[in-house]
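Multiple structures are listed underneath, in structure tokens.
Each of the next two complexes has chain A plus one other chain: chain B in the first, chain C in the second.
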Partner chain A sequence: MQKRTWKTNLFIVLMLLPALVLSLGIIAYPMLNTLVKSFRDAEGAFTLENYRFLFTDKIALDNIWFTFWVTAATVLLAIAFAYVLSLYLRFSEGKISRLIGSLYLLPRFVPTLVAIYAMMTVVRDSGFLNRVSQLFGASFKPGLLFNPKGIIMMNLWFNIPFAAMIVSASLSAIPNSVVESARDVGAHKLSVFFRMILPLSIKDVLIAMTFVFMSNISSFTTPYLIGPNHPMMLGVYLRRQFSTYMNYELSAALSVVIFLFSSVSAVVYLYTNLKQKEWEKVN
Partner chain B sequence: MKRLLSLTMVLFLALGLLAGCGTPAAEETTPPPTEQPQQQTAAPVETAPPVVEKPTVTLWTTGSQNLSDLFAKAIEAYNARPESTAVMELQFIMSGTGEATLSDRMAAAYKTSQTDAGFDLIAENSTALQGYVDAAGSDDLFVKMDFSKIPNYNNVLIKSAFDNEKVVPYRGTTVVFAYDTERVPSPPTTWAELTQWIKDHPGRFAYNVPSTGGAGGGFVSTAVYKDMPVEAKTSNDEKWMAEWTAGFNWLTEIHPYLYQSGGAVVYPNKNQGTLDLLINKEVDIIPAWADQILTNVASGTLPATTAMMQLGDASLNGTDVVFAIPSIGANAEACYDFINFMISPEGQKICLETIYAVPVIDPAAIDSDVVEKVLGLDVSKFSVISLGDLGKKLNEKWDAEIATIK
Partner chain C sequence: MSYFFNPKRFYHSLGRRRFWEWLLLVAFILFFYGPLLHMFMLAFADKYEAPGVVPQKFGFQWWEYVLGQRTLVSSITLSFTIAFITTFASMVICLPAAYVLARYEFPGRKAVMFSFLLGNAFPRIGIYTSIGIIFYRIGLMGTFPGVLLIHLLGTMMMMIWLPSGAFRSVPRQQEEAARDVGASPLQTFLHVTLPMAWPGIAVAAMFAFIGSLGESEGTLLVGLPNYRTMPVEMYGVILDYPATAGAVFALILIVPNILLLLLMRRYLGAETISKGYKMG
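After this line comes the complex of A and B, so read on.
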């Protein structure tokens, strides 16, 4: 390879410049601006009041707690379903498994709003399911809208394919020979799973979890359309503080809080990635 | 080489800072209007003298899609007339996507003394205008009209709920109770009867979250203000907050009997949310805007047996919808001709046929076969509630006290 001259360096800098300026301008600066604003009152004086409010006000606390458990439930359920689905796709070789294998990503290609309205049309209390049940003389009301059940169900619809995509990739990287040799020396199916497959895929499972967590903790569209009036998820609460009450400083503080929650999972993500490298070294 | 590198670093850090400062600062104070209208308002400034070219007037308004349709149609008709003396352009803010910001944007432009920000003319509910004045912090936000330049104003039969020297009403609209006569053969006629009806029919009444749409907002403010002194209804004085208790107690009382889904009471978001419930027969009575009910009946989504009513002891609030000329507009004179057009029989016909607006002139003067549908809605009998900034507090209290009931 050619040795770098100052010209190539300049060239590299020039190539990176637009992206850097853009990210400084539209990401770094507004973030700093938000951080500063979150410590100010409406008159611009320094205050911790915004944070104090968020962690003492009954409604705000309800919302934070609600957001947490809805997100946690989404993450755990999505990963559980995705893992089972991926295992099936990896180790079953029927027509059905191939069909599912080519179809399971489809939900990723349906736009969010369309998917949510489609789901609402089907499961609302006067929706498709209800009308079908009326044909049989019953009136089945799923009761899934406007409560956490609905949000979690919709989140699963979006996130299972995504998580399955990551986990599948990880499972298909496990060579058949590993599994076969273990079976050859008499390992039980369960012990193959717990001692080989799970340890070999756990890193990607954790990564999938962090991604699902991050995209759901700040979700807006789903909880706005099918969530309850109270408690509400932080994304909806943020919009209300910002657009309805025009409480900009509190909104800034709320944004920072959401950002901190997200960074917890970012830390997990980085940590898992670093760990992987050491694990590889041992091998 | 190192020096060169660090120099470039410094350069683009500075650049980034500049770029950074540019964007968010603009966001905070005055959003789009400052940039967009520049080309729009350029015309009147440049073409001052005798040239025949018509000045451009930008009309700002906010609301649901039906309003956007209305003004698209009205402006098309107006611009097509050879005798029109201006060229109209529409800036529309869809409610729910930044509704609060029309008053905000104007307040920002007003406070920074921008006269070329393109707010030439606005169309808004007269009951909302106090909120604009409150946001800008000055009564001078709107100019006094020169009625001699609006000859058709003589035919306008109603008085506005806002300062009549500064506005011209062009239509009326009101919140009503909508129900299906087949499912509710004998609807309640008083608030006491409504209370009883709601309790007798659990789950069959719904109103939308007040901050998300005027129908629920109208229902809540009427429920809270109906037994308060008359002067309270048009006051933004916070002393009245002390008297909200009775109304909120009533809202709490009916809460358990409202529409439920999944075992809990649900308040839908937006006017459309409750309309959907009525359309899907999930509830039987809802507060809704009269024009939205009529539009849905006309399009067949609501059955022809749908009826509208008011309760005898206190009507849900209605409002006249007006044109007002902001003092920060570029060309007040050019606005009058369009206003005059909108209150002419021709303009009124467009309003009536596009969104079933209640006319502000004698309905007999309008040549249209849908006029009978709105005859029952008399603007002069509308119950007016105009709270200015206090309306926001009312919504906030509702969010905190009613939405949170377990």
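After this line comes the complex of A and C, so read on.
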């Protein structure tokens, strides 16, 4: 690589500057501020009390566990459904698969609140499903509001299409010829899947998982509107500590805790990304 | 009736494979489109009382009602104004960085890319509350610039990663060829690089626009009481208004997104969008 002139370097810095200043101002600085605040008490003295409270208080612990398993269930179910859907879209030809292929992106474009509202009018006790069941003389109440089932269902509504989009993009990068040649030399469908398709798409599966995990562990709107009051998701708990109890230090500590959980998935993401680059170098 | 709805008959007339395909299609439509279609029906119902499955009377009564609420109508104008300004500002701020990140190798390049992901790992509510405290201190709470900054936050990762991937996939040889025949760097960028990267940029801009149009959590915290966008009003509508009025308002919220989806259909492949979630 030839040596760059100072003009080029200046150009790089100037081009980067606005975005960097903005992200320092509205992302990095607030994050640091939160971190510092989380180690303070109401008078501003150093303390670990906020963290001790979060990991000993019964309600706080309930909320942490609750958030964990709702998020885990969301990630696993969303990825499983999305993978099957993507496989179907990739390897099936026909009107139905093309139709689904052109329809599955829509949920990405529906505002969160609208989707939740639409779902509520269908599943609530006097909603559409109940009215349909009354046609048959029953009174079916799905019982999907104000409990974890409802949150997970809504999360799936948002995240299956998202994950399917990421996985589909990676599956469509696998050339037909590769799959066909493996089949030609007698590889079984299952072994083609486990030895070729899965390894070639696993990186994007992890990317999808990272984003699904991150956006759901701190989600607010869905659990706020259709989740239970106890135990509650950490996003709602955080908001309540902030707005209702004005406990800024505790809500700061809670932010940091959620961030640490999320960072685990961010690191997994970074790791898969770097690993792939090494693999590319060999070629 | 049972002649047509006999699942066994249906199964055998289609064959095993096609039967499962149809089942998948029906489940897919019911789950993802059912609620939206139902809301569409609600929005045009004048009278819809339990246990009716279909509204007793169709009409535009609730449209008149919603469009007669001054606060709701002004929230529509406000939302669009903010979304336009956010998208434009985000492009002006992020695209130069995206270009440099795609075209030049320099120390810390990966870290800069990764920092946008890390910003996403921090809970949004946490960042909003922290920004809220800072805004209080510097007097940005409840102001237009404050709301704008909150909206910009949500657009940054996409507006950097996606266009960066798009710039990266423009072949360098093509740019060099333009330079060889005497084009200036700016001409090369405007006539070669930009047109080729355009689909990625357009998709990122569209996501910034609909992201801003749908943003509720941060605006709720920073914008009140002066700036009530559509989604902020929607919280109140969900809790306080009759279901039919809510459906009308929700439909108004969703229309611009669907128009954009149709308008941009050419560019919107899974491949293009998923570039926004990968650091190049």
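Quick note on the criterion: the second predicted complex is superposed on the first by the 272 of 283 C-alpha atoms of A that agree within 3 Å, B and C clash if a C-alpha of one lies under 4 Å from a C-alpha of the other, contacts with A are read in each partner's own complex, and residues count from 1 in each chain.
Here is the rule we use: contacts are C-beta pairs under 8 Å (C-beta built on N, C-alpha and C of every residue); 3 or more make two chains touch, one makes a residue touch a chain.
No experiment lies behind these values; they were computed from the predicted model shown.
By the document's definition of touching, both partners, chain B and chain C, reach A:20. Shared-chain residue A:113: touches chain C; no touch with chain B.
Once the two complexes are laid over each other on the shared chain, residue contacts for A:186 go to neither chain B nor chain C. By the touch criterion defined above, A:147 reaches chain B but does not reach chain C.
When the shared chain is aligned, chain C comes close enough to touch A:259, but chain B does not. Judged by the touch definition given at the top, the superposed model places A:30 against both chain B and chain C.
Look at A:122: by the touch rule set out above, it reaches chain C but stays clear of chain B. Partner contacting the larger number of chain A residues, of chain B and chain C: C.
In the overlay built on the shared chain, the residue A:211 is in contact with chain C alone; chain B does not reach it. Of the two partner chains placed by superposition, A:137 touches none, neither chain B nor chain C.
Note: residues 20, 22, 25-26, 28-30, 33, 126, 225, 243, 248 of chain A belong to the chain B contact set and to the chain C contact set alike, using the contact criterion stated above.
Interface residues of chain A, counted against chain C in their complex, comprise 1, 8, 11-12, 14-16, 18-20, 22-23, 25-31, 33-34, 37, 88, 92, 94, 96-97, 99-100, 103-122, 126, 128, 130-132, 134-135, 157, 161, 164-166, 168-170, 172-173, 204, 207-208, 211, 214, 217-218, 220-221, 225, 234-235, 238-239, 242-243, 248, 251-252, 254-256, 258-259, 262-263, 265-266, 269-270, 273. In the complex of the two chains, the chain C residues touching chain A come out as 21-22, 24-25, 28-29, 31-36, 38-39, 42, 50-53, 92-94, 96-97, 99-101, 104-106, 112, 114-127, 129-131, 133-134, 149-150, 152-153, 156, 160, 210, 213-214, 216-217, 221, 231, 234-235, 238, 243, 246-247, 250, 253-254, 257-258, 260-261, 268-271, 273-274, 277-279. On the side of chain A, the complex with chain B involves touching residues 6, 9-10, 13, 17, 20-22, 24-26, 28-30, 33, 58-59, 62, 124-126, 141-147, 149-150, 224-225, 228-231, 240, 243-246, 248. Remark: chain B residues 1, 4-5, 8, 12-13, 15-17, 19-24, 28, 98-101, 104, 209, 211, 261-264, 266-269, 280-282, 392, 395-396, 399-400, 403-404 touch chain A in the complex.
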